[in-house]
Amino acid sequence: MALGDKSVYSPLTTLKNLFKRPMTIKYPKEILRVFPKEGVSPNYRGLHTNDLEKCVGCAACQRICPFDAIEMKIIGQNEQGRAIKKPVVDYGRCSFCAFCVDVCPTNSLKMSRHYIYKIKTVKSLSAKDEVEFVKDKFRIMPDEKLGDDIGYNTGKAKKVLG
Amino acid sequence: MKLSKEEIIDLLKQRGLEVNDLYPTQISVIVNKENLINHLVYLKSIGFDHLSFINAVDFIDEGEFELVYHVWSYTNKVHVLNKVRIDRNDPKIPTIVDLWEQAQFYEQEVHEFFGIVFEGNKDLSPLFLENWLDIPPLRKDFDTREFSIRLFDAKPNGGDR
Amino acid sequence: MIEILRVFLFGFFAIFIGLFFMGIGRKIIARIQLRLGPPFYQAFLDVGKLFSRKSITHNFVMDLGMVMSLAGLVATMLFVPIAGHTAIKTSSNLIVIMYLMAIGYLGMAMAVAASGNPNATIGVSRALTMMLGYEVPFFTVMLGLIIINGTSSLELIANSQAGSILNWNMIKFPLGFIAAEIALQAMMGEKPFDAMIAPAEIASGPMVELSGKYLGLAFLTHAVSIFVETAIIVNLFMGGASNIFTFVLKQFEIYLITVIIEAVFPRFKIEQAVKFLWTVPMSIALLQLVLIVF
Amino acid sequence: MTSRWDVERFGIGPMATPRQADVLLVTGYVSLKTLKRIIRTYEQMPEPKWVLAFGSCTVNGGIYWDSYNTITNLAEYIPVDITVSGCMPRPEAVMDALQTLMKMIQSGEAGAYKKYKENYEYYKANQDRVLRKTYPILGEKLIQNEEAATSIE
Amino acid sequence: MDAPSYMLTKIAEKDDLAVYELFFGPNHPGMHGNFGYVLEMIGTEIVKVRPNAGQLHRGFEKLMEQKLWVQNIALVPRICVVDPDPNEVAYCTAIEKIMGIEIPDRAKFIRTITLEMSRLTSFLMGMGALGAALGLYTPMYIMTADRDLILDLFEWLTGGRIYHIFNIPGGVRNDLPEGWVDRLNKVLDHLEKRLIEYDKILFENPIVHKRLKGLGYVSKEDAVRFGLTGPNLRASGNPYDVRVDDPYAAYAYLDVKVIIQEGGDALTRAVQVRIEFEETIKLIRQALKLMPEGEVRLNLGNLAMLKVPKGEAYAKVESSKGEFGYYVVSDGGMKPYRVAVRGPSLPAGLLLAQKHLPKMKIDDVAAWMGSLAICPPDIDK
């Protein structure tokens, strides 16, 4: 054995940890101290944000999404009468792989650094429509709300997926 | 006795097998069902002692299954893909459990997902799927999306395929 | 009437101190693992929560067994002198304590075997073999002390060590103390000898089927067992203190040693544990006995 | 629950058996075999019990939505209290969910387990439809064994 | 010990001792992942074992046949949670082999570094799980916390903590952000200092030695015959490592030291993992020094429209558990015709179970699994 042979006292040396500062990050009060902004890495892939002016509704993101998580929703008519479609991300399917961000021709779809999104079930709902309720709550139309701290975006770098 | 890849190709060609050289460390050999066993025994004798794994490919339009036996040799540093074609309607092939014992589980898995019967394999009971009544799932004519829509009422979101 | 009141008082005091020790023990283990442990009153919260839950019982034997295990340990506690005064005074209470300690674990074993879970049955068989393992060296140490003090009453042994720290039994018979310390580790079911509550192997052994109130009872049993066993060691080796605080402080020192050993050692297999217990502490205790006799 | 994200601070710890547990964490996809065991574990847990569903696989099938062996929505089979998004939710998201669950319990808002009793037929029907298939789903050819499905032993 | 029949499912009678069935089942605290053995036992001794796999089966090979070439990369790391990178690299190497393209050197080095870092995280998790199976929770807590430091680096580089989805056919998705390399060096130094502590608590612990000595012995020839790979193979004395035998990514430029140990029992496997951990750190440092500047990705046009020419390839990667192999068959279309995945834990998990468990007692099963680093998701795929 390359390692020192077994001795009864070696495990007792870990008792010096008693006098070291614990590594725990006290979550609610203290955010991960590793990264400056909001504790999450500069290009973390979190919930989507979409600049609705720049987005032309070309459904490139829908085609590339490996898990069929993006649905195009019609939100109105433009002058020529064609429907304006915007992507709706179904977070019950999304795997946060950011292929859609790479493929977006107008760079409007980006991924923010927010990751907390949870749904509490409503007690009043019966079991059957509670299932639908949760599914709908997980379908979100990304907009500029989380736009301020953009994480993953290939705007400046070259397009990855072409 | 370390054999280089070219020597192995010549050795196999002398045995009258069709060999093609894929990549610097990989060659593929077409073997027919009858002399599969003694082909593998021969390979094992010249140093191919690691059976990476056995898998099957379903060529539905040619109506054939292709079983690929991946064998690697630690001494010669060459990987051989032995490919065997069997008919799709009565897929039968002799087992190689007595050559390598782990083949038992690879064959069980291939049997469960393709329905290929390995003669001589004592226990071909299902390993992964429970209470499965449909056709073996990895066959090309099994549509998993349709299955998921019917059984778990999954709803596609319109991403075209 | 006063007598009964004292008994109840001792009972609650034991449970309170036991839970208090468990909470601090978990905090210390957490700190050794470089993390912020639970608040020190965590054990009280756990027991409170457990008693508020619904529990599932299999049959009557299970209820009886659980209550019997707690009662057995509290009974043992009554004979142990705590800081000078004991609940029930008898002349030779060391023998009674040795006998009563087994009742607690037998009760637990009976309750858990009735639950019919194979994991629990293995756990019970392990607990009983472990008991076999640690009682042999522990009683030889006790035998040695009885011979030297000529009495088997714990108070007289404790009082014989009054005065300065020099004539504590721990100093006079260091070997006996080490053997008793190892046996204590097994008695409390702490890490190197906790094959009976091995979560990784038999899903927390005897406590597999205990839910809600039964788990609460098991917690209390464990708390009282901590209190009782440390009290015995303090009286035997560290001279039972006169007032309560020094007594509890000494108990805490003993418990600290067991917690530290628990945090850094994995567990023995059951046959390795018994083999270890019958060789290492046993030989030390015999050596001690030989020294005492001559 | 490791040293860096210590959940034991809130008194939360892993328990070895369903009997001793209060909260059932379902992290990620659920295959048919696991579903059978999840239902059994859920029913073994003593009464005030809660379920946390993690990740997108429990909401709408996640990345295995079109797989033949994984269910799409956990809430059809057992009542869920909180569903957390994320494909592998972050540790902070997990702790945030646990804390909200603790607040919900104190305020008495978390009671999904009552729902299991109220509409037990709905859950049972879903469970049987998926676990006790008696006819092949995609139908027609190449079915050898016709006998009824094995019951949940 | 003839327990009343209604309590235990008595199966058979073997010289008047009842053989009963115990589920070392799917959700068992000693079990690493969702996998189970049905043990038939007398008392605490195991008589027969039936693996109960399939809880983690998600039908990867079927799903991959329905997705575009690039889309599979988001699916592929999900096969083995503990060590996701080898899957991505093996899949992309197989595609690059079929297309006959050579990725730029810098991409090769970045791939090697991410592979080795993922190997570190998997070793940390493996050693911790081994300690926990023996009952020693302290190293598990500290090691998983240290593993978090590496995950932060992955998060900064790729955007994802566990699933990086970082390799694509033709290279990697983005270059190393600045400041990332010296943070990596800082983490490596910290890990090296921490290694001495791990030695003290886990590897020089006398009870660990007593518990693991002689457990699950695999002789040198059996290890090859049963198809074991990776640290389990090298711990039985066979000097074989995919990174040396069949180099991929940048391993041709680095000198990988193959460590072998005579012994083959659980203790040697644990020490083997520990020494390979140290070796991996040196390897990362070596790769960081030799890393050239330059392009990070070949421009293959719009990857969504990628068409891989007709052909087949088998790509092997040395993951922390053993040889991860991807056999990719393409018929020239936009989607793979067939992708078969070879998980390293199948021979260890299913075959060795039949060989070792029947003679073992129940309390060694968790330690035996921990020492063989069996990762059930890559058995079920």
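Per-chain residue numbering starts at 1, and chain names A, B, C, D and E are given in the order in which the chains are listed.
Assume a contact is a pair of C-beta atoms (placed from the backbone, for glycine too) under 8 Å apart; a residue touches a chain by one contact, two chains touch by 3 or more.
Given the structure is predicted, the values throughout are model-derived calculations rather than measurements.
*Asks:* Would you mind naming the chains that touch chain A and likewise touch chain D?
*Replies:* Common contact partners of chain A and chain D, which must touch each of the two, are B, C, E.
*Asks:* Walk from chain B over to chain C along touching chains and report the minimum step count.
*Replies:* Minimal hop count between chain B and chain C: 2.
*Asks:* Between B-D and A-E, which chain pair shares more contacting C-beta pairs?
*Replies:* If we tally the contacting C-beta pairs, A-E comes out ahead.
*Asks:* Quick one: point me to the chain whose Cα centre is farthest from that of chain A.
*Replies:* Farthest by centroid: C.
*Asks:* From the centre of chain E, which chain's CA centre is farthest?
*Replies:* Most remote chain from chain E, centroid-wise, comes out as C.
*Asks:* Taking each chain's centre as the mean position of its Cα atoms, how many Å separate chain C from chain D?
*Replies:* A distance of 40 Å separates the two centres.
*Asks:* Distance from the CA centroid of chain A to that of chain C, rounded to the nearest Å?
*Replies:* Computed from C-alpha means, the inter-chain centre distance equals 51 Å.
*Asks:* Round to the nearest whole Å and give the separation of the Cα centres of chain B and chain E.
*Replies:* Taking the mean C-alpha position of each chain, the two centres sit 23 Å apart.
*Asks:* So which stretches of chain B touch two or more other chains?
*Replies:* Within chain B, the residues that touch at least two other chains are 129-130, 137, 142, 144-145, 156.
*Asks:* Which chain D residues reach two or more other chains?
*Replies:* Residues 2-6, 9, 16, 33, 60-61, 63, 65-70, 73, 87, 90 of chain D each touch two or more of the other chains.
*Asks:* Any chance you could list the residues of chain C touching two or more other chains?
*Replies:* 30, 32-36, 199, 203-204, 263-265
*Asks:* Where do chains touch, given as pairs?
*Replies:* A-B, A-C, A-D, A-E, B-D, B-E, C-D, C-E, D-E
*Asks:* For chain E, which residues are in contact with chain C within the complex?
*Replies:* 1, 3, 6-8, 20, 22, 28-30, 41, 43-44, 131-138, 141-142, 145, 201, 205, 207-208, 210-211, 361-366
*Asks:* Note which residues of chain D are touching chain A in the complex, please.
*Replies:* 3-6, 9, 56, 59-63, 65-66, 73, 75-76, 79-87, 89-93, 95-97, 99-100, 104, 109-112, 114-115, 118-119, 122-123
*Asks:* Considering the complex alone, what residue numbers of chain D touch chain C?
*Replies:* 2-4, 6, 8-11, 15-17, 19-20, 22, 46-48
*Asks:* Please name which positions on chain A make contact with chain B in the complex.
*Replies:* Those residues of chain A that touch chain B are 62-63, 65, 68-72, 90, 93.
*Asks:* In the complex of these two chains, what residues of chain D are touching chain E?
*Replies:* Residue positions touching the partner: 2-5, 14, 16, 29, 31, 33-34, 37, 41, 63-64, 66-70, 87-88, 90.
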